[in-house]
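For reference, the structure is listed below as structure tokens.
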């Protein structure tokens, strides 16, 4: 059995495509952002990536059918403009070797599609609540650094201090939304997409992400209330803890 | 050394066989069910699967002889009806790679035997005691979903929420008995087999499973009694706990 | 780089040799026994086994020279009798794959040397102090079971309950000395060797093992005294624990 | 994708070069020492080593550009004397296999450069604060042991007791500075370099390392003060810990 199997449903011919990747990770920021982009732009699935570097797991869908976990490639055709290729997925590779192999394979596949510019989206865990997430950037090209700075991306020395871990780091331009790292964070995903839409010259509705963000806000504010009024255990209770 | 070694004791020619798999897992539901089926139908062992994805372990049998851990294939011939192939084993693969490789290899072996329909049996951990286990299902084919619903299988959106992990998920039709996940659960195995016997159109004695279930019930009810009357540590005791 | 490298210092021609293996493990029983046997019988090293399944580690010897960790093969020539091949080593393979690969490779090497009978020595962890260790056995041949029973080996149904883990289990006849599993256990190694010398028809001095056993006994009896008179923490101490 | 990729920026012809390696490890002693040597001697980078045995990680540099983690080879040309090859890097291999493979590959590359003598630098964790670190040594050649002893290296029986783990151990001559193991330890790196400069017959400024050592000293002395005056929790506090 091969380590990675790429199954093409269709072999699209694309116009100087831009690659956008968002996989599960801190705050699921990249995944939320890329899936939102795919949904809003009505991306068409054209390839599925299976691998023994993913968990040996099937997901049960609403109709009772099972689906083996995968990563998926979608294209978005844009009349007279550069097309998009979007990568989303259920998992990143489980091991360092898997991360390298999967990133290497994705790079080979998108190179064959003519991709020269890639954005990988992710979260940057702050370890504290973030009300107004900034978007941090990094790139493999100084021109791209300058261009992204014009769209409000922060290139901050020493951030992220410990380096970027995972698939996000192995491709070309990186956009990371600040996030607490405690919750799935649609607000940070929106911040990332706001920058990306400027860079790509497109417009996007954020209604879906905003309603998801509201749900998360409700949960977190309840949790904060609960934390503010902790039930102090009485001395008697202690007797039964053991 | 090869990753997986399949040793055939016999190369049976089978009549449009149905594959049934039950390996160790949550509550050992799948293993209990598949082994019970094999024992009741007097399955004949025809292949042993060894692999370095299993633990490097031998089991000591009652006669003092050792047996390297393995998975085993049995056939059941049924006069004028579809035959069965049953997979049981001491272990599932230890790593994700092992799970993928072993599932892939089993699929190749049973395809060569002419298998087109497969049931994989397992448990679905509820994290609480289950008195009347339902049987949840999933499949790779909508017709199979409908057929299994007629036999009482529940296809419930969002259950299992986090997907099905392990070898069970990589083959074709899945039957999962609800189980606490705390104990070996023959009652859940019986629930799974009750559905399966309807699907296969066979009859089965459950005496063995029922007596195992009684033993487990005795143990768990004792544990529950013990929990209901905890020895409250005295204030003095607390002083020495630290 | 190959997974396993076997470096022969000499290619001995041996007389119907018997293989004896003792690697580190529970109570280091197997390693202690096999090394004692090698020392007493003045075994001659003829091969070194290096592997990336061992830790990436060198050991510093007394003269300041480093030695890459390995397993080593020794032979013992016995005038007019069956020769011995003894395997000892610094480590077992670190992973299940490593265990399988190393056992497979050792089997190939000793088969090439003409080995037909093998004893693997190990400890059987009891989880409690053992004053008079029994020697438990298992084998791949019923005749060997019977022969070993005559030498006092116990073939006890259900022991070892959970199977034998590690390299010991992958070869042919097993001898396991009961041991607490808490300490290096020369007494258990001696019990194993006492059986083995009967099986091999040889005599052996145990002076070295006995003096090691005395040292361990002194340590454990001190520990037991210390346990018998625990310093009960006073109420005041508790205030500073936090 | 290959396990290890060595990218040569230049293929230098060197004069009977001596190899010096210092990778991250206990107290980062080896890395600090080798990087200091490279900086002071103005080493020229001539090769980058990438590997899937390193973490799948990019580092963000000050200009916002990303760099995939690697190991790097530098050369130092010395008019009419033996040249140096210095290996530094962001990581050691993550797994035992990775350690073996990377060490094996580095050995092959430096052999091709004509290296016959190698020093690998590291720390030796003492588990307690060390005010005046000794430098312990080990080697694969008795002459080298004697030579290093003349430079003040300690070859002490039983130290390091448990053997040397990691890449340091797989090459030729080893120098290990004693270090607590709790902090990055520039003082220990200086002790190692002091020995090495004698062995190499070179002079070196230690200003940089000394200023780093001062910073660490300030941090550790603050921590020691804080430890000396612990805030004793009051009895009342205890009531809420539960």
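Every chain is named by a letter (A, B, C and D) in the order it is written, and numbering of its residues begins at 1.
In this text, a contact is a pair of C-beta atoms (placed from the backbone, for glycine too) under 8 Å apart; a residue touches a chain by one contact, two chains touch by 3 or more.
Source: prediction; values computed, not measured.
Colleague: In contact with chain B and with chain C at once: which chains are those? Just list them.
Modeller: The shared contacts of chain B and chain C amount to nothing, since no chain touches both.
Colleague: Counting one step per pair of touching chains, how few steps separate chain B from chain D?
Modeller: The distance in steps between these two chains is 2.
Colleague: Quote the value, from 0 to 180 degrees and to the nearest 5, of the angle by which the CA atoms of chain C must be rotated to coincide with those of chain D.
Modeller: Angle of the fitting rotation, chain C to chain D: 90 degrees.
Colleague: When chain A meets its copy chain D, do both sides use mostly the same residue numbers (more than half shared) or mostly different ones?
Modeller: different
Colleague: How big is the gap, in whole Å, between where the Cα atoms of chain A centre and where those of chain B centre?
Modeller: 36
Colleague: Centroid from C-alpha atoms only, then distance chain A to chain C, rounded to Å. What do you get?
Modeller: Centre-to-centre distance between chain A and chain C: 51 Å.
Colleague: Name the residues of chain A that each touch 2 or more other chains.
Modeller: 238
Colleague: In their shared complex, at which residues does chain B touch chain A?
Modeller: 93, 96-97, 99-101, 103-105, 137-142, 145, 155, 157, 159-160, 163-167, 169-170, 174, 230, 232-235, 238
Colleague: Show which residues of chain C lie in contact with chain D when the two form their complex.
Modeller: 1, 52-60, 62-66, 68-69, 94, 238-240, 242
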